[in-house]
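Read through the structures below before going on.
The same chain A turns up in both complexes below, where it pairs with chain B and then with chain C.
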Partner chain A sequence: MMTEGGQPRSRSFYVLGFFFLLFLAFLYGPMIVIFVLSFQGPNGGMSFPMVGTSTTWFQGLLQATGRVGDIPSAFQRSLGLALLAAALTAVICVSAGMGFRRRFPGAALLFYTAVASLVMPSLFVSFGIALGFKELGWRTGLFTSGLGAQLTWTLPFGLMITFATIGRFDRRYEEAATDLGANSWQRFRDIIFPIILPGIIGVALFGFTLSYDEFARSSLTVGNQNTLPLEIWALTTAATSPVLFALGTVTTVVSFTVLTLAMLTIGLIVRRRAGGRLSAERSAHG
Partner chain B sequence: MNAHSDPGVSGTPVPPAGYKDAPYDVELVAVSKSYAGTIAVDTISLRIPKASYCCLLGPSGCGKSTTLRMIAGHEPVSAGDILIGDRNVTDNPPIARGTSMMFQNYALFPHMSALDNVAYSLKVRGVPKDERRARAREFLDLVQMGQYAERPPALLSGGQQQRVALARALITRPRVLLLDEPLSALDPFLRERMRGELKRLQRELQISFVHVTHSQDEAMALADLVVVMEAGHIRQAAPARDIFEKPNTAFVARFIGGHNVVPGGNGSIAVRADRCRIGSSADQARLTGHVSSVEYLGALVRVGLIGDNGLEAAALISDRTFFAAPVEPGQAAALTWSDEDAHALAD
Partner chain C sequence: MSLAAPLLRSAPSTKAASRKPARPWPNWLVSWLQVGPLALVLLFMFVMPLIFVVVVSFFDYERVQIYPAFLLDNYAEIFTSAVTGRLYLKTLEYAAIVEAITLVLGFFVAYYLTFHVRTLRWRIILMLACTIPFFTSNVIRMISWIPFLGRNGILNDAVMATHLVNQPLDFLLFSDFAVILAYVHIFTLMMVAPIVNSMSKIDRSLIAAARDAGANEWMIVRDIILPLSKTGMALGSVLVLTQVMGDYYIVRVLSGGKSAGVVSGIATQLNAFEYPPAAASSVVLLVIVLALVIGIFSIVDVRKELAE
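Our next item is the complex of A and B:
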């Protein structure tokens, strides 16, 4: 029995521990299953047992056959849309964050109006945007109504992270810059932006992942070309082969790659600031 | 180390042109600051003679930091005028005042090396990279930080950060350097060393330092002009020795420390604790009571006394005198002093 300092664990430890294991099983179980099944042999089906192993289904992803749909194109569309949404989210949120540092009448109301989008039912937002475009006689499209719909989702999250980041910013750095003669643009470019950069990367990352796997708000607004989540949805209802699993594995790898890159970048910035690359020199000097 | 001594070389820390003209480096004329109804600084006037070390001294909330920030231009005045040299700078931005500020906790930019921190004011003025780095090096050398030029602030000790902050403030060639509690983040040992260096720098550069502190020792050790503030007012502005020998009010006498404030003929009088003696009630007792504490301070012994009337007082006596006739807490005792050591207070 596990003990700590000779004391037996309390009952709540086991209850909460069990709950946590359940959480892990729900989160990672399906992913592991999909990951394993994506390497199903060429004659295998959509469930266990595995009939040998192969990478057949990954090759199938690259072929734009009628049965599977055009996965590579959908992936490219989703990637492009997510990158654009991430960039816009970062730019808009930082601008808003800077603006909100000055207290102005109605600031709180404006903020809540913006983040209220989080509690709106996504499908209806999507539906409403599509309807609006139709009423105005415009055609819905990936980078018009689709992008707009996604921003209604990424911006509120981004705003909240940005406000937390900028709220932590020590204004004395800015005052010091003013004292040294920096104008407002120089203050932003040289002092504020570099200091809050890790937070901004976090905002962009959030924008990317939210956009990349957004389904509901995209569903009626992207026009006649599918994003990857929509393509996957179509596949789950139509496909009968482990290609679906291969797709799941690839998209998960893409998400984790983006996440890892962002985290590494943030880590690098933080380490450079803490002088990690100079610590050897410091110990040499004593 | 002699970078400052050659006025011909541009970029060296010499006072700006026109320096000799005005007799005062800083002049506050009826300056007030109020925030939404509360008055932080109430109509203060002050003249700081050129090239002097001035300490704004007072308890927290007395308005000393606000005063400093108004001189710096980081806080707009509610009323009054601020002159630096002979120029009215009340409406000027910080950089156009001839002042430079060293912030509490230094506010060094965490993402820049010491060198880039110091060079930043030149960068925003568009000085080419090689030139500004060379000049920043001169100033880092001035504060003996040349060898740490490439380090980010996180890898510098508190004392080193302060030196970098000093270099960063001085490179703008201010006529007045403003220091907001510059020593409070340092440990006591370092504090005394940096104190000496601040004074040395001020003397060498021949500019004015305005230094905010709540420490009497600091102000006494450094200042040519001590400005004691309380509740938004200047209570006394005078050389350290005048403040200590002739405090003008009970507040100043108590705040500066080392004084007993006791009722005299007309109003209160202050008498320095080191001019008091402990005696028996027989000889010319001024205050009778009993010993409340005995603190051995090395060369001196501080004997606390509670008078029969409830008044607290103390005598600072030499260890030799004390141990010739030691007293103990609880013992009946009396405080005596000579008439010439009593100093009448205004209120």
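Our next item is the complex of A and C:
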């Protein structure tokens, strides 16, 4: 059963492998169905059979009026909010991750507060923030209460990934830099930051997608302008046409694009680093 | 014992530390400056709003206005109302069923990935395949079940084609079945990732030794892998349970409004601007959720798992 090569595969490998494939089909099957259905012909309905194929429903998304609501503006708002959330998540989490490397009074309390924020039913956070703003006489808004609500969700996730990244960091590099006279800012800028950069990109990626797809925490805190998931939610109760699926396809493609870009960037960094090491070795031997 | 201790352990630090130039500020202050932004966001957007909720749960209300007071009426209503009782039972029922399914499913998926997939390349590819849906919208993944399960949906067509039934099955969509299916679909990944993390830390030589001593695969799973991946299972369980107990939109759409949990009840009260009873209900559910989380965390040392 184990990883050593040469050993024959046990029967459990094939049984479990079969179940694993079923699991993947379960994960992706429904998504593939809505991708296909979003190309439904103009006279088609919300399920099979396909009545021809068309891009009618995608065009429907671009019309800013009618029952569908203003999808393009909601998309822009969500994108802006997600980019800001990603940047803030990366900066705040890396900074906090560096802080957590040392013991300090209150560290455990802060950590458990972050965990509590992660496991808290999202609607409560949303409700609490909305209530607080109302009682203080402030207006809820996309980039104030909305952003804050999303950060209570993206930051704890980002913090976990930061811990994993910084935990793997080999401190000897840092000590070498100290021995060579680097101050703490130089140590961070020239040694730690480049080494943990792939992890930071991962944190930003989480920040982006968790914000971009966030629903419950935004629901009461974004003010009178909806984000994309809130628009989609409104559609699920109102729409009876495949325009809902077209929207699902578009937003999933956006998620996939961001994910791919992040992966490619990480891959590029890792490969360049490996290449550098290789050429360094070659010149050392040559 | 500080959280950062496991991180510090990797450093043979005392010697190096003494060589560092003296800082103008004490270490604890530097740390607090670094974690400051995180602490501020959590304080203003999480701790204080929760305090607001707790305070308002004792308030009086009339139509859309709320009045400061110290009433226990909102709580009394929760514990005496049969409707609320049913909501709590429903939530716990969903949570228990989904927890059981995702735990078994998550364990075997993680086990297969970690111990049966031999090359690192394939392990990464398959792990990615399992995590990618996590980066897409839950709302979209939820609605993607509608064309699948409906009366004219794919599943019904497939079942009809086998001629086992003459009529389309009605229980598939807008039912508890659909709700649980969607929960499992969306939340299993939160179980898989922590278990994989735990399993990948298991020393392979333990397993080799067990096999040399004559253990079969089942014994290895039962006596080595299961106990050593408990932390991951606990962490995954916490994530899954809290997500299911906090949900109100999946249950609403996929049960077709026929079923509701505690948070659905709260959402309804919020829409009617009945803030104090909604707050009281939130506090009660919160106590249940926290008790569950603390109960699970007390079995295993999750902090150690996260920091390593």
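Quick note on the criterion: the second predicted complex is superposed on the first by the 251 of 286 C-alpha atoms of A that agree within 3 Å, B and C clash if a C-alpha of one lies under 4 Å from a C-alpha of the other, contacts with A are read in each partner's own complex, and residues count from 1 in each chain.
Following the convention adopted for this analysis, a contact is a pair of C-beta atoms (placed from the backbone, for glycine too) under 8 Å apart; a residue touches a chain by one contact, two chains touch by 3 or more.
Model, not experiment: these values are computed from the prediction.
Look at A:175: by the touch rule set out above, it reaches both chain B and chain C.
Shared-chain residue A:155: touches chain C; no touch with chain B. In the superposition on chain A, A:93 contacts chain C only, with no contact to chain B. When the shared chain is aligned, no partner comes close enough to touch A:268: not chain B, not chain C.
Once the two complexes are laid over each other on the shared chain, residue contacts for A:28 go to chain C alone; chain B is not touched.
In the superposition on chain A, A:10 makes contact with chain C only, while chain B stays out of contact range.
When the two complexes are overlaid on their common chain A, residue A:195 makes contact with chain B while staying clear of chain C.
Between chain B and chain C, more residues of chain A are touched by C.
Of the two partner chains, chain B is the only one that A:186 touches; chain C does not reach it. When the two complexes are superposed on chain A, the residues of chain A that touch both chain B and chain C are 170, 175, 178-179, 183. If you check the complex, the residues on chain B that touch chain A are 72, 74, 93-95, 100-101, 103-105, 107-111, 120-121, 123-125, 150-152, 154-155, 168-169, 172.
Contacts from chain A toward chain B in the complex involve residues 170, 172-173, 175-183, 186, 190-191, 194-195, 269, 272-275, 278-279, 282.
Across the complex, chain C meets chain A through its residues 2-8, 10-11, 13, 16, 19-21, 23, 27-28, 30-35, 37-39, 41-42, 44-50, 52-53, 56, 105, 108-109, 111-113, 115-116, 118, 126, 129-130, 132-133, 135-141, 143-148, 150, 152-154, 157, 185, 188, 204, 207-208, 211, 217, 220, 238-239, 242, 245-246, 248-249, 253, 263, 266-267, 270, 275, 278-279, 282, 285-286, 289-290, 293, 303, 306-308. Interface residues of chain A facing chain C in the complex, by the touch rule stated above, are 1-5, 10, 12-13, 16-17, 19-20, 23-24, 26-31, 33-34, 37, 46-48, 91-93, 95-96, 98-108, 110-111, 113-114, 116-125, 127-129, 131-132, 135, 148-149, 151-152, 155, 159-160, 163, 166-167, 170-171, 175, 178-179, 183-184, 205, 209, 212-213, 215-216, 220, 229, 232-233, 236-237, 244-245, 248, 251-252, 255-256, 258-259.
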